[in-house]
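Below is a structure I'd like to ask you about.
Labels run A, B, C, D and E following the written order; every chain starts at residue 1.
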Amino acid sequence: PAPARAQDALARLKEQGFCRIAIANEPPFTAVNPDGKVSGAGPDVARAVFKKLGVDDVVASISEYGAMIPGLQARRFDAITAGLFMKPERCRAVAYSEPILCDTEAFAVKKGNPDKLLSYEDVGKNPKARIGVPGGGVEEKLSLAAGVPRDRAIVVPDGQSGIKMLQDGRIDVYTLPVLSISDLLKKANDPSIEMVAPVQGAPISCDGAAFRKQDASLRDAFDKVLAEMKQSGEFAKIVEPYGFSAAAAMQTSREKLCGGPN
Amino acid sequence: MIDWTGYLPLILQGAWVTAQLTVYGCALAFAVAFAAGLGRLSRHGIVRALASVYIEFFRGTSIFVQLFWVYFVLPLFGLTLTPLEAGVLALGLNVGAYAAEVVRGAILTVPKEQYEACTALNLTRRQSLRHIVLPQAFVVMLPTFGNNAIELLKGTAVVSLISLADLTFQAQVVRAQTGSTAFPFLSILLIYFLFALLISLATRGLERRLARGLDGARA
Amino acid sequence: MDWDWSFVWEILPALLQGVVITIKATILGTALALVLGLVFALLRRSRRRAVAVPVASLVEFVRGTPLLVQLYFLFYVLPDLGILLPPLGAGVIGFGVHYATYMSEVYRAGIDNVARGQWEAAKACNLTTAQTWRHIILPQAIPPMIPALANYFVAMFKETPLLSAITVLELMNQARSVANFNYRYLEPMTLVGAFFLAISLVSVAGLRMLERRYGRLN
Amino acid sequence: MGTSAKQPIIEVDRVAKSFGPLTVLNDLSFAVAPGEKLALIGPSGSGKTTILRILMTLETINGGHIRIDGEQLFHMERDGRLLPADERHLHRMRSKIGMVFQLFNLFPHKCVLDNVTLAPILTGRVPRAEAERRAMELLDMVGLADKARAMPAQLSGGQKQRAAIARALALQPKIMLFDEVTSALDPELVEEVLNVMRRLAHETDMTMLLVTHEMSFAHDFADRVLFFDRGRIVEEGGPDDIFRNPREERTQAFLRKIIAAGQRI
Amino acid sequence: MGTSAKQPIIEVDRVAKSFGPLTVLNDLSFAVAPGEKLALIGPSGSGKTTILRILMTLETINGGHIRIDGEQLFHMERDGRLLPADERHLHRMRSKIGMVFQLFNLFPHKCVLDNVTLAPILTGRVPRAEAERRAMELLDMVGLADKARAMPAQLSGGQKQRAAIARALALQPKIMLFDEVTSALDPELVEEVLNVMRRLAHETDMTMLLVTHEMSFAHDFADRVLFFDRGRIVEEGGPDDIFRNPREERTQAFLRKIIAAGQRI
């Protein structure tokens, strides 16, 4: 039986005992362990917050960035905790929590950066440079906005594919947040590729947990617990082992990143 | 490089999900195929029309459109299915439409003379269908049903796109975690092929059993 | 969300580019499948088991595994073996080989459909094997195959969205890109759906016509 | 209407039948007395099969009336008005008639015994044991008792046709229709089927209608012969009249051709 | 080896043929003189069709030898050794033999004239105009001159079979094989085909082998009759001997059955 509309979203989650979250499988933001268990900084924070809210567990669906917001609206998940960076347009589509994971952009390039690609503009200006971007991710927008034409901004389904395509010479540069690129390069363990970080002119972006607009009350409850955890240092204990800076997240706010109240 | 054997259980979990999708999907497809296939041969215009619309729609649009529709659009009408349910529904209805044509075609291969013999023996329509037509048509359907089931099995890979943790999906996960590309893809290709082999062996075995009486030379 | 016509006009050029790629992939894939399918069918008929058996196994393997995974394989694994295909090239080869296995069955059925008596009559007329194929078997075998072959052409069309998985900017991928970029899914996805529906309605009519004209393989 | 002893069991009354533009039966009338053995002969395409198929309700008619046992076949009398027959009426009428086909039309997925018992069990609601007992009697009569468990594909043509005859008899119809029951058989196998038919003709009082191209058999079998041409009865009479002294030019020409082709009459 | 007037045109020498476990021909030997008209009769399954198909190289043999016109059919003599025949050898041997099938096997996508001219044009390298002139003569002979442009599907069975005969004759083979050429025809259409065959038999000096179940026709047609049973020749002789005074029990039984089934001999 479908829960009554008027019913509070949090009460509903408590009743079902878990919260359905969308993740991207992009370590260290989100990850799936060999045993199938979901981890990564985003889900770990969400799990801790929800536990304090009385929701015992999170159940994750892996999804492409572009499919997360439609999936949330289609009630496929209750929240997105995937490193989906806050952007004014996104803030109009979903209700974000306060910032959680902050990072800036990096490039993975061939050893020695033969094309001397340091910024998105460099890619746009070089007529032969092809850049791999996550479909629907911030990096795709940054590239297009910097003048990279559509047919040189190649949508790559996942990080592993991006590195593989770089190794195979299908693309000349692959861009993701710094921590993601460094994680990928560590796994690839390939001396022929290296990282350029941060990308010149790229903004520092932060994600938050994203909820449906109708579930603003759930978002508010989430924010309250998150603030307490930031205060107590518990937050830092979760994110810093993954390489994220807790201070960066605490220095900025949703209002700043969304360019207005959300 | 990380040792990928640790991820074998993940692949096997995916194989289990793929097996479930295939079995449930086939069950749904089978049921729908008989309903629609017989419906298309019905004496009642309305039943015929309904069956035709179903068949043409699901054969006409691709499995992607149907899957995305079931997964993203149905919830807007208040029906939220789990990814497994959505996958079974889309695959079952899609393959069912193709199999319905197999049912219809097989029934039409039963010669007119068999119906006439039924009339001459004063059997009712229902009795003729049940005792004479369907048993003969089923033997004709079986090999194609086997192919339909394999098509359905292959269709399950597309379900990975709606984030159901099937074989293909788990291969991607393993790839993301380990950086190995060849191992996960080769191993799932083999697993899919084993499943396909299993399906065709099963249909062939069943076929042989059913055809035994029909073929004098072998009996 | 409300339907926004100005947004439709804005994204139409991008979608049309996708349509061009989709059509190109389908036509190239079909051409490859038509040729390879005939090759498979003839090799499978070969009296030499050393030829027939491996070809038959290859065909069974390709038919038993998903096209999506085959595309991944061509795109991501082959480069390790030193074969780097461009995305569209990998797609065309994947589609061509996959559908060739279906089309080889059509060829086989079409050829078997010609009554055995025709081979015998040709022998009694003392025609050579080549003359028998050219004047007796193929002229009778090909017309009934046309609808079934056309059917696979249409099926391939409907499956082109798979190419997005290997970064080909076909229609579906284009639509997803513009949708992601603008956070508007309604218009692009509806247009894609309408396009595929239109294609399939036209093709159903076309297939009916072909079937009326050439009959159907049994 | 009841049945009386003198009433014909079959009355065909100005029946017309066409397939699209092709008129196959044209104002056809004849009657058959109970127990009579009737042979229908005539050139290919003259409508012999068609009239048998009509009597078995495998075809409908375009005009005229047919009465079986005094009752309308394709019509129902309700409140003094004639309505088209519904499925229930046809079902009841068919129980009086059995038919044996040129190509046997056995059910290939059932053994001989099941072929024979199927209809009695389903239609006549005879218990299986009883149905099988009666079926074995019939199979014995047609000389197939040892083939009861064989599948049709394992039988020769002549055996198949004898099984088909047993199957039709199992429903105990008043009227039996035979359409060229030997013409699909190898010449060597014809005799075993004709022997069964001769016994049937002489030992039972069933009404029988027989279409055949075997003139000598028609001669031995029939009480009366109808010669068909282009959907009409051109000539009728006792077998000796028709075969030895045909009156009509068309009948004479037909018999000449048949003899030229090597048949003995 | 050359041919001499007295040498048989066909020599079948201890030929064996089996299909899997089933032995169909068993040590079969016979010879045919040039110009001879031979009828092969016998019960169903006795191997009559099989030996014709072997002569036409539609089947291979498992043992024995066949010589046509003095030359080995399935073997080639090279440097005194016998090798299996290759396709070229078979091609050359086939040019001496024509066959007419029970089911006609006309090429359905070609008109009657093209059916007849196809082989001469392709095989005999006869110019089209010349091939068509000769084809028209043949069609005239079988009474089909007016159907030259008709497609096979538009013809009756008898017309189809006459067209098939014309097609086989167009290659001017020395030997013609006929396999039950009338048994797929309606009785009324049999005569037109038999008439053509009678003319062929009497007016040409081709060697002819005929398999038939029409005993009276075999009697009229043949110089000599072979009676087959279970892959062997049980009895042979002139038609009067075989049909009027069969010596063997098996032949007598076969003919009794045929007569009982209504055939005149």
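Throughout what follows, a contact is a pair of C-beta atoms (placed from the backbone, for glycine too) under 8 Å apart; a residue touches a chain by one contact, two chains touch by 3 or more.
Treat the numbers as computed from the prediction; the structure is a model and nothing was measured.
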{"item": "Length of the shortest touching-chain route, subunit A through to subunit E", "value": "2"}
{"item": "Graph separation of subunit B and subunit D (steps between touching chains)", "value": "1"}
{"item": "Centroid comparison with subunit E (C-alpha atoms), farthest chain", "value": "A"}
{"item": "Between the pairs A-C and C-E, the one where more C-beta pairs touch", "value": "C-E"}
{"item": "Relative to subunit C, chain with the most remote C-alpha centre", "value": "D"}
{"item": "Distance from the mean Cα position of subunit D to that of subunit A, given in whole angstrom", "value": "83"}
{"item": "Separation of mean Cα positions, subunit D and subunit C [Å, integer]", "value": "54"}
{"item": "Rounded Å distance between subunit A and subunit B, as computed from the means of their C-alpha atoms", "value": "38"}
{"item": "Whole-Å gap between the CA centroids of subunit B and subunit C", "value": "21"}
{"item": "Per-residue multi-chain contacts in subunit B, two or more chains", "value": "181"}
{"item": "Of all residues in subunit C, the ones touching two or more other chains", "value": "76, 165"}
{"item": "Interface hub residues of subunit A, defined as touching at least two other chains", "value": "70, 157, 161, 164"}
{"item": "Touching pairs among all chains present in the structure", "value": "A-B, A-C, B-C, B-D, C-E, D-E"}
{"item": "Subunit A-touching residues of subunit C, taken from the complex the two chains share", "value": "14, 76, 79, 84, 87, 165, 167, 169, 173, 176-177, 179-181, 183, 185"}
{"item": "Of all residues in subunit E, those that touch subunit C in their complex", "value": "53, 56-58, 87, 91, 94-95, 97-99, 101, 103, 105-109, 118-119, 122-123, 167-168, 171"}
{"item": "Partner subunit C, residues of subunit B touching it in the complex", "value": "56, 60-65, 68, 109, 150, 153-158, 160-161, 168, 171, 181-182, 185-186, 188-189, 192-193, 195-197, 200"}
{"item": "Subunit B-touching residues of subunit A, taken from the complex the two chains share", "value": "2, 25-27, 31-36, 61-63, 67, 70-71, 74-76, 157-161, 163-164, 187-189"}
{"item": "Contact footprint of subunit D on subunit B as seen in their complex", "value": "113-114, 116-117, 119-125, 127, 131-132, 135-136, 139, 213-217, 219"}
